[in-house]
Amino acid sequence: MDDIEIETLADPELSDPVLIEGLPGVGHVGKLAVEHLLEEFDSEVVRRVFATEFPPQVTIEDGVAELASAEIHAVDIPAADDETDDADDGDVDLLVLTGDHQAQTNAGHYRLTEAFLDVAAGFDVERVFALGGVPTGELVEEPSVLGAVSHAEAIEPLEAAGVEFREDEPAGGVVGVSGLLLGLGGRRGLDVGCLMGETSGYLVDPKSAQAVLVALEEIIGFEVGFESLEERAEEMEEVVGKIQEMQNQQGSMPTDDDLRYIG
Amino acid sequence: MDDIEIETLADPELSDPVLIEGLPGVGHVGKLAVEHLLEEFDSEVVRRVFATEFPPQVTIEDGVAELASAEIHAVDIPAADDETDDADDGDVDLLVLTGDHQAQTNAGHYRLTEAFLDVAAGFDVERVFALGGVPTGELVEEPSVLGAVSHAEAIEPLEAAGVEFREDEPAGGVVGVSGLLLGLGGRRGLDVGCLMGETSGYLVDPKSAQAVLVALEEIIGFEVGFESLEERAEEMEEVVGKIQEMQNQQGSMPTDDDLRYIG
Amino acid sequence: MDDIEIETLADPELSDPVLIEGLPGVGHVGKLAVEHLLEEFDSEVVRRVFATEFPPQVTIEDGVAELASAEIHAVDIPAADDETDDADDGDVDLLVLTGDHQAQTNAGHYRLTEAFLDVAAGFDVERVFALGGVPTGELVEEPSVLGAVSHAEAIEPLEAAGVEFREDEPAGGVVGVSGLLLGLGGRRGLDVGCLMGETSGYLVDPKSAQAVLVALEEIIGFEVGFESLEERAEEMEEVVGKIQEMQNQQGSMPTDDDLRYIG
Amino acid sequence: MDDIEIETLADPELSDPVLIEGLPGVGHVGKLAVEHLLEEFDSEVVRRVFATEFPPQVTIEDGVAELASAEIHAVDIPAADDETDDADDGDVDLLVLTGDHQAQTNAGHYRLTEAFLDVAAGFDVERVFALGGVPTGELVEEPSVLGAVSHAEAIEPLEAAGVEFREDEPAGGVVGVSGLLLGLGGRRGLDVGCLMGETSGYLVDPKSAQAVLVALEEIIGFEVGFESLEERAEEMEEVVGKIQEMQNQQGSMPTDDDLRYIG
């Protein structure tokens, strides 16, 4: 096996495809968002990316092992105002990048992101959106969506869709594959945007994922139902309510350790 | 020295050889199992695999140093119902992979497993079994053997030999060389099974190793005596009895630290 | 992207350029010093060095992402006693190396420093100064500047500019890019000096940066104003005063944790 | 700079040279031993080995930087019973390997040891001795010297010189460059011995270094004075005496932290 190996599972004709990345991260916002797209729309896995930088690990489903990989799905999105869908009607298709793993080294992150961009190039992708969360340290009732882009001219259309650009935010920059899609994708001349939903950083956050998807709907031009995400958000609010009750009885604020990774 | 170097010590003609991996892991189940095979049957070392990813270390036996390596033994197994043994009678031979070391990096694990599979390919191996333990967190009286396979059609014959396939188990997947034999071996088209004996995770567990070997006997078709493993299991039970006594006097359950690596 | 990529942004004709390195380090002395030069003089970025050994990260400025890199600026310094400035008049130009990132591995540090020296070679650089701080563990009223050089004959001219050479100091040698500029630059035959301002090690230290620049002015022959650095130094002294007051009330000396990274 | 670079400083004709390795390790026994040889006999540095796996660091001596390296010295040893010394009289010369640094990764240790063996091969070295300490956990009055060898036939001559071979010792094998000289040197067909002086593991131990050198004198056939080592050993005994006094007053045994790295 080479350091990185790209397996082709399907090669559909795509219409002006946009790459959407949603790997695990703060509040699992990006991953929840892309998983919601894969649940709501028809899709097929078109590429699987294996890497020796991934953990030496298989997942087991129904007794059968699957080697650690990232997957790129082609998603067939009906246009928001036009339920017909064929490759020539100006509709937009999505390439959705998901997975559970990270590279082990700095260099591995770079090589892996280059591989993802190579796959995108094979589908003539010109636009990329990296979805994720930005931690606020406190519970957020109405999460805003912060933006970062590869080229300044991409700011205005995102602002028109309600994405906020704040001076010096996010303070620590953007890290991991999302950051490198901006950095390396931008250097390749791609139009890359990063949409980051505000989230406490303590909980899996379906509400923040929904806010990110609402912005994405507006930017790309599609419509998706949110019932299942809203249900999950309500479940989370119940959990949060119970935790706050317990904390109030103890007379202290919830700590990071109390809340982290609940969900 | 290259990053990985494979030394040839012997090149016997083998009959339909099956690769059996038993490197150190949870409860030392896999290692105990293959060591038992090497004790009970005639064998010879056929390959030694050196790797710059192994620790910079020699072991000393009788004053003489041996460089860190993994070893592949050819094991001559008399057929269960046919004590004659020549290469043409349909008997099965084993290639047993043992060792004490792990690679340092993710990429090292991948490269090393590829080297093991290359050795297996040189002997025309088509079937691989990775032996190991699956931690239950508590002492197990009658350990079951859990299975995972590279291809769904391999489940039925293993179930027929008493191996259990449970939904979503093991939850964390399979890691290390065992996991990659499933993942990388499966991608090469090999028929790979992983047999995992239930074990507390706190103790070296000969009883779990025996359960794994009983399943392997049935699957491959051979017979091995278990006296020495049973003796070791009895010794371990005495040790466990004493620890439980001590703990009871202190009025607390044994902790991980009390029990881990006892044996 | 290659492991290291050097992007050319401009290729000005430079007059006898001297490479000045000021990456982050003890007391941020080196970084403060070169940032002051970039504020006070006209400059342009001539090279950007990207490396897969840098963190997988972009910084965001005004919403636009910039991939982790080190930058080399050409700085146009008017001669101290001659306000005219053209490439033939014997003036000295500076190449100033700045950045926020370090390599992840030992080998990465070596490769990155070689890349910086390659850039310098492209501009026919023969002299290099690495600027930094040397920790004293206590607040220093009048910081001395310690020196280290690649070749013994370079000691005398530095001593003439007030740089001190003390036996067995700095005790731990010089580490990171500064150390390797001395070691690898020296092996290339370059005349490399390291100027280290004494600093507590607990605070960002503009006064130490000024001491280093005063020595550099004398050595290279230029003049720079210090108002802004002096203002920052006064601010820091107020901060230190307040901390000492607080500590006195608590009857204890400030600890590392109290002071580290204040500024 | 390549990953490893070997600089040639001199190329003397050597008579049947033996490589002696004494890098830092337990009780600094090996390093003390080879430093004593370099103090007592005439020597010159013949090779300097640089490696990107070494720390990015220079040491500063008299203001001048020297890049992290390992050094190989040719040592001119007068024969024990024959004070004349020319290359044809059957005398033995030494190649002494010293340094302060270790590789960062497993693979780095292997590559570096191979480089040392390449240097030795250039001088037609056939015998190698790795000097070091073996920790006993308690203060040793009369340190024995334990041995390990690359080939069984080398045991008898070492035993004749008082070196002890004990079953299953050292239990953890031999690690680092010493271990790999045994492992990789042995695979090259060299006659490699490791001489390990017993030492507490808590202190720099000149007495243990002397015991190792006494064995080496006998094995190779040379004579060296021990006054300076004996003086250092007496100083260490005073230090130990004081520590024991202090500990006795506190009614407790010295701990690892009390004693480690004293010297």
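A, B, C and D are the chain letters, set down in written order, and residue numbers restart from 1 in every chain.
The criterion applied here is as follows: contacts are C-beta pairs under 8 Å (C-beta built on N, C-alpha and C of every residue); 3 or more make two chains touch, one makes a residue touch a chain.
Just so it is clear, the structure is predicted and the values come from calculations on it, not from any experiment.
Asks: Between chain B and chain C, how many steps is the shortest route if every step has to go to a touching chain?
Replies: Minimum number of steps from chain B to chain C: 2.
Asks: Can you give the rotation angle that fits chain C onto its twin chain D by Cα atoms, in degrees and rounded to the nearest 5?
Replies: 90
Asks: State the chain with the largest centre-to-centre distance from chain A, centres being mean CA positions.
Replies: Relative to chain A, the chain with the farthest C-alpha centre is D.
Asks: Just the number, please: Cα centre separation of chain A and chain C in whole Å.
Replies: For chain A versus chain C, the centre distance works out to 39 Å.
Asks: Go ahead and note the Å separation of the Cα centroids belonging to chain A and chain D.
Replies: Result: the chain centres lie 55 Å from each other.
Asks: Send over the residues of chain B in touch with two or more other chains.
Replies: 105
Asks: Where do chains touch, given as pairs?
Replies: So, checking each combination of chains, I get A-B, A-C, B-D, C-D as the touching pairs.
Asks: Please output the residues of chain B touching chain D within their complex, sorted ascending.
Replies: Spelled out, the residues of chain B in touch with chain D are 1, 3, 52-68, 104-105, 108.
Asks: Spell out the part of chain B that touches chain A in their complex, as residue ranges.
Replies: Result: residues 103, 105-107, 109-111, 113-114, 147-152, 155, 165, 167-170, 173-177, 179-180, 182-184, 186-187, 192, 194 of chain B touch chain A.
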